[in-house]
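Structures follow.
Two complexes are shown next, each including subunit A; its partner changes from subunit B in the first to subunit C in the second.
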Partner chain A sequence: MATRLNPVDVVLVGFGWTASIIAQELTDEGLQVLALERGVDRATVPDFSTTHIQDELRYAVRGGLFQAPVRETLSFRNTRDQTALPMRHLGSFRPGAGVGGAGVHWNGQTWRFLPDDFVLRSHTEERYGADFIAPDITIQDWGVSYDDLEPYYDRFEYLCGVSGTAGNVGGSLRQEGNPFEGARRRDYPLPPLERSSGSLMFDKAARELGYHPFPAPAANTSRPYKNPLGVQMGQCTYCGFCEWFGCGNNSKASPQSTILPVLLKKDNFSYRSGCDVTRVKLDNTGKKAKGVLYRDLEGREYEQPAQLVILCAFAHHNVHLLLLSGIGRPYDPVSGTGVTGRNYAYQITSSVEAFVDELINPYMGAGALGQAIDEFNTDNFDHGPEGFIGGGYIALWTTGGRPITQHHLPKDAPKWGAGWKKAMSENYLKSVSVATHGSVVSHRGAYLDLDPSYKDAYGNPLLRLTFDFHDNDYRMSEFLTGKAEGIAKAMKPRSINVNKRKKPYSIVPYQTTHNTGGAIMGDDPRTSVVNRYLQSWDVPNVFVVGACNFPQNAGYNPTGTVGALAFWAADAIRKMYLKNPGPLIQA
Partner chain B sequence: MDTLETKRNILDDSAPGGGVMPEFPRATPPQNALSRRRFVQTALALPVLFALPACSQDKATPVKLARRFFSAEEYRFIVAATARLIPGSDEDPGAVQAAVPFFIDLQLAGPYGRADRWYMEGPWAKGTEQQGYQLQETPAQLYRKAIAGMDDYCRQRFDGKAYADLGEEDQDQVLHDMDQKKIELKDVPAQAFFALLWQNTQEGFLSDPMYGGNRGFAGWKLIGFPGPRYNYVDDITQYGKPYPMPTVGLLGRDGTRTGTVA
Partner chain C sequence: MQAIKHGSQCLAAAACTALMAAAAVHAQGTEFTNVQRGRYLAQAGDCISCHTVKGGKPFAGGYPVETPFGTIFSSNITPDVVTGIGNWSRDDFYRAMHEGRRKDGQYLYPACPYPWFTKMPREDVDALKSYLDTLQPVRAMPPENKLIWPLGWRRLVAGWNLLFFDQGEYVHREDKPDVWNRGAYLVEGPGHCAACHTPKNMFGASDRDKAMQGGDAGEAWYAPSLTASERDGLGTWSVNDIVQYLKTGANEDTASTGPMTEVVMNSTQHLSNADLIAMATYLKDIPAHKPEEVKDIDEQVMARGKGLYIDQCMGCHMADGKGQKGAFPPLADSPPIRASQPQTLIQVVLAGDFMADPPELPTGLAMPGFAWKLSDQQVADVLTYVRNTWGNRAPPVDADQVAEVRTALHEHGPRYKRLISQSVH
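Showing the complex of A and B:
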């Protein structure tokens, strides 16, 4: 029997980026807000101190800051005719656990999606005709536009102290920025990071080919910065330990470095770590949430009553909770009906390694120090002759040179032995990688549901992922990889390796933690879990926030859009929901 | 006290043939009381590792390090195999000189070896390549079964010799055959073991020396990584120039707690 706790106004499931943003906003309204975090408590001091955080084995290889599958995992198969088996250790993606969530161990690559991304289906049909989209591709419009989200992108970028060069301020195009981006109201808060050797090589090669390279937007501070909440961040030192690590220098934006110093001082905010939320508890009508059930580290069960329940966990976990709680009709891939678990998508990546004569010193870097081109993203080019939808950016990132996981070897180098050793000594300081970062369409056979066999530590069914990239995306990635190869060759390297994404999708090699969908937003309750304000269509006092809201995935890293959506939803709650609790849009 | 400054050996008495026994080269020998104190602290922190010869005044007696996971026979396999995966000599250190076998032993004795963070519930099935690791064995159990299987395989094919007793060419061929799925073991897939062994060998060669491998920064010096450093603000724009500062680890200039103050 669950112990019933004192009610709060708002309970947040998870305590990463989205929960921190929403907690900051809703506590400003005077609400009593509680965040429940499954992982451990973490603070910049002492947990991310540079005396120990720059440890590749502990954090990048053994995954010290990540979700532990022993406590939470999913099962996976490529297609419905296979039996899903559990992901026994992490591979393809690496969700965070602990206060700050994956906002602690990300790189800081902070993009806005393009205006066309939010109306992908209607835009594609308008330009290329409805027949251009294969019948099993289930892409749809978001129900929210770029213009709707622009003020909220701006807020997230200023919260984080993003370093970059604007390409389009109020419709006027700027030299050296991304000429394809949507109009922004003002410049980035900080100038771009210093360029690395690799950035300059990419820039020169891309310009020779007629492209418009620009410094990628970085939530790594190029200067000391005080954000609008009054939180001070330090200048990035290019130590090369962003991704998989916490930042001990307060120069990579995270909840800890941007919000928590203010939020944690508020009397009307509290959080508890080590709490696994297992259900959203509904009343007997099934249309109102009473709170959540959770387990502590000793397995004791608690009921936390709340007026408003906001799911702010990682994409998979939000969808898992919805399915376990019976919120939204589960998606049925046979009939194509139902919504919860529908339109799972991911990110399709590839790379071209280039072995050069110049000394690169790859270990001097930052998580979002990169030079990129956007010529081949979304609909920035004519898709008519290509016959596929979508695209992505091509970039050369200088995130660091961690020896175990970030060395490159020519394809003719021996895999081990004396030849391997020689190749390591000859190439570590003289190699770069040009990456492609492609969009992924949602399609009928890619979805999340509950596994019939495998259980978690509490006896609940695991989430089951059924996924392969659509052929559309393999073709798109092939195209994008060809363009990356062109840039790599223009750098005049000694040799290159072209690493294409091979069919079928494998959960084994790390790709990205950009898992999307399953609780998507939209205009129609028959094809979306939440409305444009991220409010559940079925249970109006439940909101669901995160990359799980994306109807399909764009060719950019998701965090900028996730941050913007969190501010957008918080604003809707503040300005509309609290005045008149109930559905913000009538179904 | 001088005993503490003698060379230490990571193998115990039962290991044959001094040729493959790794020593622990130091960047600089400890020269002052502080360094000795640091070493004693380390010894206290890792009591199982260091079988200190109690009260010995004999300078020639090396400090022994007990293995924590491998048996003597298993350890012979690991030393021999890693010596082929990353060969080396005193002048050009490889896996053995960098104490990679010691690193692997420690890793398998700890949470990684036990798969503490992995989901290890049934039902068990082989699955597809895309579904990833589906063996019931933890990393430590996989090593144990696979080493026994590999030594049996070698004895059958090479006149009763265990892997460690083969010539280098034969040792290399056996590793290639494991990697190429040409060897079938009774209990576990040889290729999965090879993949894990090679992964852990690279980890031991390239991780921070505080985990026991990368001794004397052997791996980092080979490739040119200067170690985890805090600040490259002035250096990142020195395009094309070698970075001038010496290698460091999280525990300092010689990478272990036993060293001198830099």
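Showing the complex of A and C:
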């Protein structure tokens, strides 16, 4: 029997980026807000202190900041005719756990999606005709436009102190920025990070090929910064330990380094760590949430009543909770009906390693220190002759040169022994990697549902992922990899390795934690779980926020858009929902 | 979070009670004004820091004040009639503040800063009592003091008072402007800055010949000089620099640490700008003392210190020691780095520290502790280097000094963990 706790106005499931943003906004409105975090409590000091955080074995290899599969995992299969098996180790993606969520261990790559991304289906049909989209591809428009989200992108970038060069301010194009980006209201809050020698090589090669390279936007501060909440950040030291690590210098934006110093002091905010939320509790009508059920670390069950329930967990967990709680009709891939779990998508990555003569010093890096081109993203080029949808950016990142996992060797180098050591000493300082970051279409056979066989520690069915990249994506990635190879060759390297994405999708090797969909947003309750304000169509006092809202995945890292959506939803709650609690859009 | 919550609830309750008191008992506006004035003076005097234990009820006492003569536990100053000062009259309270005598006639130990509070005029002391009377009464008896023999005998304080205590309210200096006088009153009276910043003699009394030249702040913390000395005092700071420091705990030259962060958070951040300017004006007028000559530092020590600095400190404080403006404090050309005694610097290197986090500067940026990875000699070397580089000049630090602070730290724990106003850590 669950212990019933004192009610709050708002309960947030998870305490990462989206929960922190929404909590900050709704506590300003005077509401009593509680966040429930499954992981542990963490603060910059002592948990990310520079005196110990740069420990690759502990954090990158053994995953010190990630979700523990023993408490929460999912099962996986490529296609519906297979039997899914549970993942007992994290592989292809590595969701974070703990206060700050994945906002602690991310790299800081903070992109805006392109205006066309938000209207991908209608734009593609308009430019290439409806027949251009294969029948089993289920891409759709978002229900919000780039212009709707622009002010909220701006808020997230200024919250984080993003370093970068604007390409389009109010419609006027800037030479050194990304000429393809949507118009932004103002420059980035900080100038770009210092360029690495790899960035400069990429820049030169890309310019020779007629592209428009630019410094990738980075939530790694190039200068000391004070954000609009008055929170101070230190300047990035280029230590090369962003991804998989917390930042000890307050230089990488995270909830801890941008919001929590203000939020945690508010009387009307509280949080609890070590809480696994297992259900959104609905009333008899199934149209109203009464709160959530959660388990603490000892397995005791609690009921936390709330007026408003906001799911701010990682994409998978939001969808899992919706399925367990019976919110939204589960998606049925046979009939193509139902919504919850529909349009799961991922990203398709590839790389071209280049072994060069110049000294690169890769260990001086930052998570989002990179030079990129956007010529081949979304619809920045003519897809007609190519016959696929989507694209991605191509970039050279200098994220670091950590000893265990961050090094490159030519294909013919020995795999062990003296020969390996010799090759390593010859190449460690003289190699770079040109990466592609490709979009993935949503399609009929890619979805999330409840596993019929495997259960978690609480006896609940595991979330089941059924996914393979669509042929469209393999063709797109092949195209993108070819362009990356062109840039790599223009650097005049001694040799290159081309690492293409092979069929089928494997969940074992790490690729990216940019999982999307399953609780997508849209205009039509028949094809989306939440409306354009991220409010459940079926249970109006439940909002769902995060990359699970993306109807398909874009060719960019998602955090910028996730942050913008969190501000957008918070604004809708503040300005509309609280005045008149109920559906913000009539279905 | 919890601490803040208590604080503000208590303030809300206080304001509420004050309102009721004003309406029901006195039926006039002046009592409310008086209570507000008393609350402000309680903040100016930083009563809460010593009269509250972290996690305990505000003003309920029981906080251990460490002295060279033993531990004195602060008293309960809530209006509880049995364990607090609820049955003290205004006269009783004035006598305590003015003469250092309790209601029962017993002597207070000078751990309570009555040698400074004696300068407060009657109306200020009455206002303070009015405010304390609005607090929620808490029934709590502080633990027995643990003093070395024979100091448990309070009568001995009479002799101490005779030797070291000048009773009497603040006397306005006609030759000085009002702003100076207001500052002098706040600094020498309720603010009791000299209690830490003036060196003490063997009897624990302030050495008046060395007023504000830097002193022991207890538990192996050192309060640096506040004289106009350019090397280790306030000589290079403008009035504005001082005001900014007292308001936020940081200015372009440095950031507060340890007990001073408590002073900023519990006291000075709440003072009006006019009063902070007054305090700064007075402080700026304290004549410089001559700091101790520094002999040349051993080159090997400097080389070792520099290596350690590059490995451990440079990420935040930068290669040139200038820190990061608006974030991490500089070490270069900074008077507190050149303090004549290094204990506070040792504390910060060993245990780390959190900057003050008032509303104007909410971050509470932190430095991690190095106690677990640096030896006494290494801490001594890096501090000697920092204290003698980039325009700094100060006596070297030796490993024994580090060892002593390490022992004190082991005994008392990191000071920031006891900060009652801090919410995040």
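The working rule: the second predicted complex is superposed on the first by the 587 of 587 C-alpha atoms of A that agree within 3 Å, B and C clash if a C-alpha of one lies under 4 Å from a C-alpha of the other, contacts with A are read in each partner's own complex, and residues count from 1 in each chain.
Quick note on the criterion: a contact is a pair of C-beta atoms (placed from the backbone, for glycine too) under 8 Å apart; a residue touches a chain by one contact, two chains touch by 3 or more.
The shown structure was predicted, so the numbers you read here are calculated from the model rather than taken from an experiment.
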Exercise. For A:56, select first, second, both or neither according to whether it touches subunit B, subunit C, the two together, or no partner.
Key: first
Quiz item: When the two structures are overlaid on chain A, which partner does A:359 contact: first (subunit B), second (subunit C), both, or neither?
Solution: first
Practice problem: Once the structures are superposed on A, label A:492 by its partner contacts, choosing first (subunit B), second (subunit C), both or neither. | Solution: neither
Exercise. Could you look at A:4 and tell me whether it touches subunit B, subunit C, both or neither (first, second, both, neither)?
Key: neither
Practice problem: Could you tell me if A:454 is touching subunit B, subunit C, both of them or neither one (first, second, both, neither)? | Solution: first
Quiz prompt | Partner, of subunit C and subunit B, that touches more residues belonging to subunit A | solution = B
Practice problem: Have a look at where A:70 lands relative to subunit B and subunit C in the superposition and call it first, second, both or neither. | Solution: first
Quiz item: Where does A:239 make contact in the superposed view: on subunit B (first), on subunit C (second), on both, or on neither?
Solution: both
Quiz item: Where does A:44 make contact in the superposed view: on subunit B (first), on subunit C (second), on both, or on neither?
Solution: second
Practice problem: For A:401, select first, second, both or neither according to whether it touches subunit B, subunit C, the two together, or no partner. | Solution: first
Quiz item: Between subunit B and subunit C, which residues of subunit A are contacted by each of them?
Solution: 50-51, 235, 237, 239, 249
Quiz item: Which of the residues in subunit B end up touching subunit A in this complex?
Solution: 84-88, 94, 112, 115-121, 123, 125, 127-134, 172, 175, 179, 198, 201-203, 206-208, 211, 219-220, 222-226, 228-233, 235-237, 239-243, 250
Exercise. Enumerate the contact residues on subunit A facing subunit C in the complex.
Key: 43-46, 49-51, 224-226, 229-235, 237, 239, 248-250, 260-262, 264-265, 267, 269-270
Self-check item: Of all residues in subunit A, those that touch subunit B in their complex
Solution: 50-52, 54-57, 61-63, 68-70, 73, 76-78, 82-89, 91, 194-197, 200, 235, 237-241, 249, 358-359, 361, 363-365, 401, 403-404, 407, 415-418, 420-421, 424-425, 428-429, 453-455, 504-508
Quiz prompt | Residues of subunit C defined as touching subunit A within the complex | solution = 1, 4-5, 8-9, 312, 315-316, 324-328, 352, 354, 357, 359-370, 372-373, 423-425
